[in-house]
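Structures follow.
Next, two complexes with chain A in common: one pairs it with chain B, the other with chain C.
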Partner chain A sequence: MEYFLGVDIGSISTKAVIIDSNLKIVASSYLWTKGNPVDAVKNVLSELQSKIDDNVHIVGVGTTGSARKLIGAMLNASVVKNEITAHAVGTSTIYPDVRTILEIGGQDSKIILLKDGIVTDYNMNTLCAAGTGSFLSSQAKRIDVEVEDFGKIALTSKNPTKIAARCTVFAESDLVHKAQMGYKKEDIIAGLCYSVCNNYLSNVAKGKKLEEPIIFQGGVSKNIGVQKAFQDIIGKDIIVDKDGHLMGAYGVSILALRSNKRINFDFSIADQKFETKGITCNKCGNNCEIVLVKQNDKLIDSWGNRCENGSVSS
Partner chain B sequence: MDKVTIGIPRALLYYKYKDLWINFFEELGCDVVVSCCTNKEILEKGKKYTNDESCLAMKVFMGHVDYLKDKCDYVLIPRYACLVKHEKLCTNFSCLYDLVRNTIDVKIINYNIDIEKKEDEFYAFTGMGLALGFKYRDVIKAFRKAKKFEENQRNKRLLRQKNILGKSDKIKVLLAGHPYNMHDSLIGKPIINFLEANGVQIIYSDLYDKKYLKSEVERITQRNYWTYNKEIIGSISHYKKRMDGIILLTVFPCGPDSLSNEMIIRNVNDTPIIQLVIDELNSEAGIITRLESFIDILNERRKIHE
Partner chain C sequence: MNKIISFPHLGNYSVPISFVLRHLTNYEVKASPPITKKTIEIGSKYAPDSACVPFKYNLGNFIESLENGANIIIQAGGGCRYGYYSEVQEKILKDLGYNFQFINLIDSDHLKVMEVYKTFKKMNKKLNFVKFAYYALLTLLMIRYMDKIDEIIRSRIGFALNMKNFTDNKKKMLQDFSKTKGFIPLTIKYFKYKKLFKNIRILKPKDCIKIGIIGELYTAMEPFASYFLEMELAKNNIEIKRFTNLTYLLFQKKKMKRKMLRGIKDYCTYTIGADGMDNVYRCKYLIDKGFDGIIHTKPFGCTPEVGAIPIIEKICSDHNMPVIFFSFDSQTSEVGIKTRLEAFYDMLMVKKGR
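Showing the complex of A and B:
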């Protein structure tokens, strides 16, 4: 049987799955990116390798997420695809009738609307990261609560505090203000969950019609406080899949399967030395930032140049 | 009289009036120098003259003026206050002249357009020609010729776009935004390049048939008073049925766009639409992700419709 690897390298976490040609997930891995996508991918690969038999032979690799290009070069991927398409493909394979995907990740959030398994509309937050996972974790730190406990604590609140949701900076000062006024911690935490939802609905969903079934994904979907807030505000059922965080990796592994390209993937790639370097090209006024990727000191890829002057070759 | 050299910044209103401007001055026998295409160096220079509240297009503009400061006798910086009665232009267009005069050491040649004060194009251009020391007769002749040239160029471009619209089977995307953002080599060009490299036929919002504008705008809104945004809205309304998708391009922080685009996104429900906000961030990755997924969606939609 043929097997396919999908890797989703996000700003906060790195996810990877191996599927067989029946689209069944045979192994998965989920780790923090910690600002170092190359090492994170090496780690997920060695974890995956320990979970599978020796006879599992991978013939296709797909990468997605914000470091997809870098990791695509590193793994010699057959498919490099944006996370919106990857998520849509992954989710609609498991839920063929899904109409709405809400996704809140570490630094971005998006909404995908589908009909008959095809994306009909989507939206993504602007370059501002208000109301995303990193917002929640920085606020958790501020009030000295583990972000993993956020949801549980939020559920104990009977009277969520109203917190300004439009902008992270304002939300933060509002939160400090409410805390100083003497609001209970659980009420503030529940209020934050509601503010994330309100922020999402006004900045990302922008009045789009949310048809059922609605699936909530991304790291923040693990937070039951936010789940409940969405359910309350939208007034519809919200489905959270236990494998929701893997959908991007799953989707891109399916895309690798569908592509005609077959490669010979070897786990030993995790033992090789990869180096990335950013250089500034000074050949014209554009001063392009060019990224170089080196494998065992040999240049394998480069990008970022706007013109031929900046093209780098080994 | 020595030959006068007029410098034209390749930014903001250049993309609306370049044919008129260049032709007018050349008809009068002036030398015209247009600043080079925007690059990071120009933007960095422009940032020094502007504050943090200025939009990206303004920063770019100031960089172009700086580029021209020792390459010409005068830099052309007109003041546009009002083009249609009871409508408005972004205040930037009425303050550019004063802004430059107070920050960059250049000689400026200027004209005023304010329809509510009866200062129209003819009045403005003849005034400018006289101020440069040309004879009234020559100025009028040059203006009429330049006007005609401008009209012809526009019609040519419009016709070309119409032909493409009728013929092309490619995925069609309406790129909607201010011309100075869409056609700028730093702001819009990377987007245009990416779309074209991915097999998309781009239709530009600044090429529209003027006679339909008013009725088309009113199909989307009756309550917008920004003249330049009305052009974008009218164009969207006019083209959207024949488009696979619409990309709204704006720069941060644009006041009129922030109102107008929000309204467009909420009111245009029959065509997929995304908004791209460009700021000084160096990374193009976020923009590419959005464009790539948008094209994926448009391709998928095509497949079902077929």
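Showing the complex of A and C:
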């Protein structure tokens, strides 16, 4: 049988799955990116390798997420796809009748609307990271709570405090203010969960009709406080899949399967040396920042140049 | 002191603008240096933060022109608050200590031929009206021809075996046009290039993806301001229809106003400033013509377009038309644009059943 690897390298976490040609997930891995996508991918690869039999032969690789290009070059991927398409493909394979996907990740949040398994509309947050995972974890740190416990504590609140969540900076000062006023910790935490939802609904999901079934995924979907807040505010059932965080990786592995390209993937790539280097081209006022990717000191790819003058070859 | 005249960029229109200035003034004509990231950096540095990107690009152009030796600068206002930009830009540049003459070609909202003639007459005492009219008309014809060729290119370049066939020949065409002597040679050149662009071999499927680009005029016409959106689309084998060009703004817009308002009377009963109403009409047009998707571009904070967007959203949702909105600023992340664009393209592909 043929096997396919999908890797989703997000700002906060790196997810990878291996599927067989029946679209069944045979192995998966989920680790923190820690600001180093190359090492994170090496780690997920070695974890995956330990989970599968030796006879599993991978013939296609897909990458998605914000580091998709870099990791695509590193793994010699057959498909490099944006996360919107990857999430839509992955989720609609498992839930063919899904109409709405709410996704909140580490740095970005998006909404995807589908009909009959086809994307009809989508939106993604722009400049601001308010209401995303990184916002929640920085606030958790501020009030000295593990972000993993956030949801549980939020559920104990009977009267969530209102927190201004338009912007991370304002939310933070409002949170400090509420704490100094004497509001209870669990109420503040629950308030934060609500503010994340409100922020999402009034920015990313603005003007979009949320039809059922609604699926909530991305790292933040693991937070039961936010789950409950969404359910309360939207007033509809919200489905959270236990593999919700893997949907991007799963989707892109399916895209690798669907593409005609077949490659010979070898796990030994995790032992090789990968280096990235940024250089600035000074040939004109654009001053393009060009990224060079080197495998064992050999240049394998480069990008970032706007014109021929800045192209780099080995 | 040698008089050197310069002007800001707008796509390829520096060619006809240089042409007309060369013939109507006796100054040395030097277009602003090509727009780069540095242009917008300088522009943003000295522009008010709340001004839209066209202001910043123009200001960057002016500063680079002045640094490049220019001592006369020409600007044309009109439309939205762009009409007030030239005064502010002049003041900023003078405050920065530059010594130059600033000429505003269109002082009011409408282009008045006699006013423009007077402005040129002030610059060149020997100019007579016949000469002025001759070169003005010749330049307008050049713009018309350029826009017509661009239309052909936009519908074909996405399917080129080698895009360079189009881009290189267009460069050649612009060079040829800039050296033209009169109406007949220009027309001959136009037909020559029209034939050439129509005969470049392409592989275009009958049911290819067609996208209409609507929105604010500067981001539509200056490729740098939209991060080369059209090129990006062409690379993905897409036919592009774009309405805004100088031909439209100078000749067609006024004539079409009543027709457009009639066409969209269910959604919009009066104009909403600049090209806002036009874009609502185009949206309807693209739906009627069976286009697959619409891309709307505007500078961040563009008021007329902000007014048009909810109407466009309504029309598109009524007709199940995919639409995506881009707002460009000096700080826009290029990767973010590419991600959204790629997802948009994927969405249209799947919808078409491929």
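The rule is short, and it goes like this: the second predicted complex is superposed on the first by the 314 of 314 C-alpha atoms of A that agree within 3 Å, B and C clash if a C-alpha of one lies under 4 Å from a C-alpha of the other, contacts with A are read in each partner's own complex, and residues count from 1 in each chain.
The working rule: a residue touches a chain if its C-beta (ideal position, glycine included) is under 8 Å from a C-beta of that chain, and two chains touch if they have at least 3 such contacts.
Note that the coordinates shown come from a computational prediction; the quantities given were computed from them, not determined experimentally.
Clashing of chain B with chain C is the outcome of superposition onto chain A. Once the two complexes are overlaid on the shared chain, A:Lys242 sits clear of chain B and of chain C alike. In the superposed pair of complexes, A:Ile84 makes contact with chain B and with chain C alike.
In the superposition on chain A, A:Val119 contacts both chain B and chain C. With both complexes placed on chain A, chain A has more residues touched by B than by the other of chain B and chain C. Of the two partner chains placed by the overlay, neither chain B nor chain C lies in contact with A:Lys24. With both structures placed on the common chain, the touch criterion links A:Gly285 to chain B and to chain C. Touch criterion not met for A:Lys298: it reaches neither chain B nor chain C. Of the two partner chains, neither chain B nor chain C is touched by A:Lys158. Once chain A of one complex is fitted onto chain A of the other, the partner contacts of A:Lys206 are limited to chain B, with no touch recorded for chain C.
The single stretch of chain C with clashing C-alpha atoms against chain B, selected from 163-171, 181-189 or 253-261, is 253-261. Overlap of the chain B and chain C contact sets on chain A: residues 66, 81-85, 118-122, 124, 126-127, 207, 284-287. Partner chain A is touched in their complex by these residues of chain C: 33-34, 36-39, 313, 320, 322, 327, 331, 333, 335-336, 338-340, 342-343, 346-347, 350-351. Within the complex formed with chain C, the chain A residues making contact are 66, 81-85, 118-122, 124, 126-127, 207, 284-288. Partner chain B is touched in their complex by these residues of chain A: 66, 69, 81-85, 116, 118-124, 126-127, 206-207, 284-287, 289, 306. Within the complex formed with chain A, the residues of chain B that make contact are 36, 39-42, 186, 190, 262, 265-266, 272, 274-275, 277, 279, 281-282, 285-286, 288-290, 292-294, 296-297, 300-301, 303-304.
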